[in-house]
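Take a look at the following structure, please.
First chain written, first letter: the chains are A, B and C, and each begins at residue 1.
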């Protein structure tokens, strides 16, 4: 076996998870870019995962159709709950979206006939290839990059800066936030669909509070100033547990420690263009 | 049968209320959603269990220890994490994210130390006897929960509304800066509030631990989610809201289990949460106006 | 151009505005003055749709503004600045102004995804226009600085440039010279006249009497939510009710100085 084959045999899943996590981080970046702390993306991931898995398993749908379903289903749900939820600000939005995650989890548990309930779905065909994930990440990055450089990205920045001022600049705040919320949900669903066809088993516990926190950590850790931040954050969050594999339960503690330390010391995340500019102005001298 | 459910509902509601009280106190006074509150709740239960197992302390002493341990942890969280963020004037969602991290640390730390499986209080910790009150079958535990909860709530209401201390807390809840200009030692009161809120959470943890007799490291998480629902229902930062909301949720859950089925039980809290957020986001007693700096 | 008819606003039992009637003619510079707390900013909030009146009608170019959401009102041609500056602090000056051009950019998803000529053309034009507006306000040399780094007076001028970027017909200025020194005020006076010459209508709230008297052709005085006087600068200056509103029952010569300090 060549070196690469061995590498892939051991780390293949990890590399693919790097991709799906990158998608998840980007999905929450969208809503954070609008100034919304929406923590429902784990739930959207779950909806996408179940939708895609059910399409492949029950309807023999081709993989592309399943992926599309995995994006459309959470998008529809996001559109439905979005309108009343978007109106909430700050804390209420965070709590409502956290609560929504629980609603999804409980719904999955209670629709056993369809979703397999607590036992989850087993035997999902492992259709995800590396190039699916790569293509997805590249396409999403491209779309978000173009979005940022257009009036949409500017509208998001304005909304994040000052909603009232933004609306008085002619920006339809509600529509833009909805767009971010729904698109974010679709991307999270895509990640879920890809992930489901990678791990061949999914269960409701995978899309709950812990996953939601993990997604948030990726974005906060990396920084939301640009698109590099979420990619960086997701990479670290994916790889770190592997590196700490020998430490048992400590590695979960480490997730928590990372979150606290980042919030305390690097509030803008690791990839903070503003901080870099400041460093460069000081001739590269470190400043706390 | 319905009458029997009444006692269940009341006990459950009382624990929810106690938990929510601590939660809402921190939000009202410190302006922070402390998502580590579930972990502190769990710590109370584990602390009580530990001292009973290792030092054979009587139950009342164990409860006091739980209270103190939880309270101290609350203070540590405030000093190490919340205070530096306060000093930095961080936007108010940032401390919440930090408390998520703290909760993870505590939950997984306890899991590392005690293991993930369910632990029980040793046999005989609580007398198994039951009483007949007004034709209802009430266990000692339920009685204890109801009694302790109402006593604590009464004390809290008294302190908040009839003492200088309570007035100072309410002033801070309105505007910390104005309060400090009035000579109130805001930082010290933050510490006291953190201690009290976490102590209440810890007591709630012991009580639920005794009631269900099943302790596990993540037992605080479902409580946390319900606590969120309760304080939004009752109005964030409002003490009456936490009490009434908690009791209401207890009854709603027990009734829905009795009439709909046990599987939807957890969904009740969130169903209510969603409804309230749609109709009246500030909850029963909440204020629409945001607090000033 | 802008008509307020019988506009009232109360919050619960608090009556902030009572039966306010205003008529701002097209192409004029109209001043709205009054002691602190009289309700002036509330009038702006009502016009721009941030608040809804309890009673009365607000019409812009003959069409009612009531019930419309703020961004729609801006799109019909009403722009404003804010009393407590609301700039996008983390953006540069140029970016701040470009945000104002939002409603004029109508390239679609395809345009921005594929960088089609329509998209590029509109983006370029928006930037050019933004630079031009910054030049009107003499801020073009700081175009790529962060908005946060400006002095107070410069921030106020940036807000005006940004409001102009929405290509309004009516410009609402909320205390445009607050915090500026005399030299800056004189310059802004000239800039506002220049803006009006270009065809804009201006309605402004101000406390600086010299500024208002020097610029505005018509002035309305608001006190305790009611319009107590409306007319040209001379009429207002000698109006007894106005003097009383500002000073109580004191000497009328003190009015100019007191007004400037308010």
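Assume contacts are C-beta pairs under 8 Å (C-beta built on N, C-alpha and C of every residue); 3 or more make two chains touch, one makes a residue touch a chain.
It should be emphasised that the depicted structure is a prediction, and the values quoted were computed from it without experimental measurement.
J.: Centre of all protein Cα atoms: which chain's centre is nearest to it?
T.: Central by C-alpha mean position: chain A.
J.: Measuring centre to centre, with centres taken as mean CA positions, what chain is farthest from chain C?
T.: It is B.
J.: More C-beta pairs touching across which pair, A-B or A-C?
T.: By number of C-beta pairs in contact, A-B is the larger.
J.: List the centre-to-centre spacing of chain B and chain C in whole Å, with centres computed as mean CA coordinates.
T.: Inter-chain centre distance comes to 49 Å.
J.: Return the distance between the CA-based centres of chain A and chain B, expressed in whole Å.
T.: Result: the chain centres lie 31 Å from each other.
J.: I'd like the Å distance between the centres of chain A and chain C, where a centre is the mean of that chain's Cα atoms.
T.: Chain centres of chain A and chain C, defined by C-alpha means, are spaced 41 Å apart.
J.: For the complex, give me every residue of chain A touching chain C.
T.: 142-143, 146-147, 149-152, 154-155, 157-158, 161-162, 164-173, 274
J.: Residue numbers of chain A touching chain B in their complex, please.
T.: 37, 84-85, 88, 90-92, 94-96, 98-100, 102-103, 106-107, 109-110, 209, 213, 216-217, 220, 248-250, 252-253, 255-260, 263-264, 267
J.: Chain A touches which residues of chain C in the complex?
T.: For this pair, the touching residues of chain C are 48, 50, 69-71, 74-75, 79-80, 82, 86-91, 95, 98-100, 102-103, 105, 107, 112-113, 115, 119, 123, 162, 165-166.
J.: Would you pull the chain B residues touching chain A in the complex into a rising list?
T.: By the definition above, chain B touches chain A via 33, 81, 84-85, 88, 90, 92-98, 100-106, 108-109, 111-112, 221, 225, 228-229, 232, 236, 263-264, 266-267, 269-271, 273-274, 277-278, 281.
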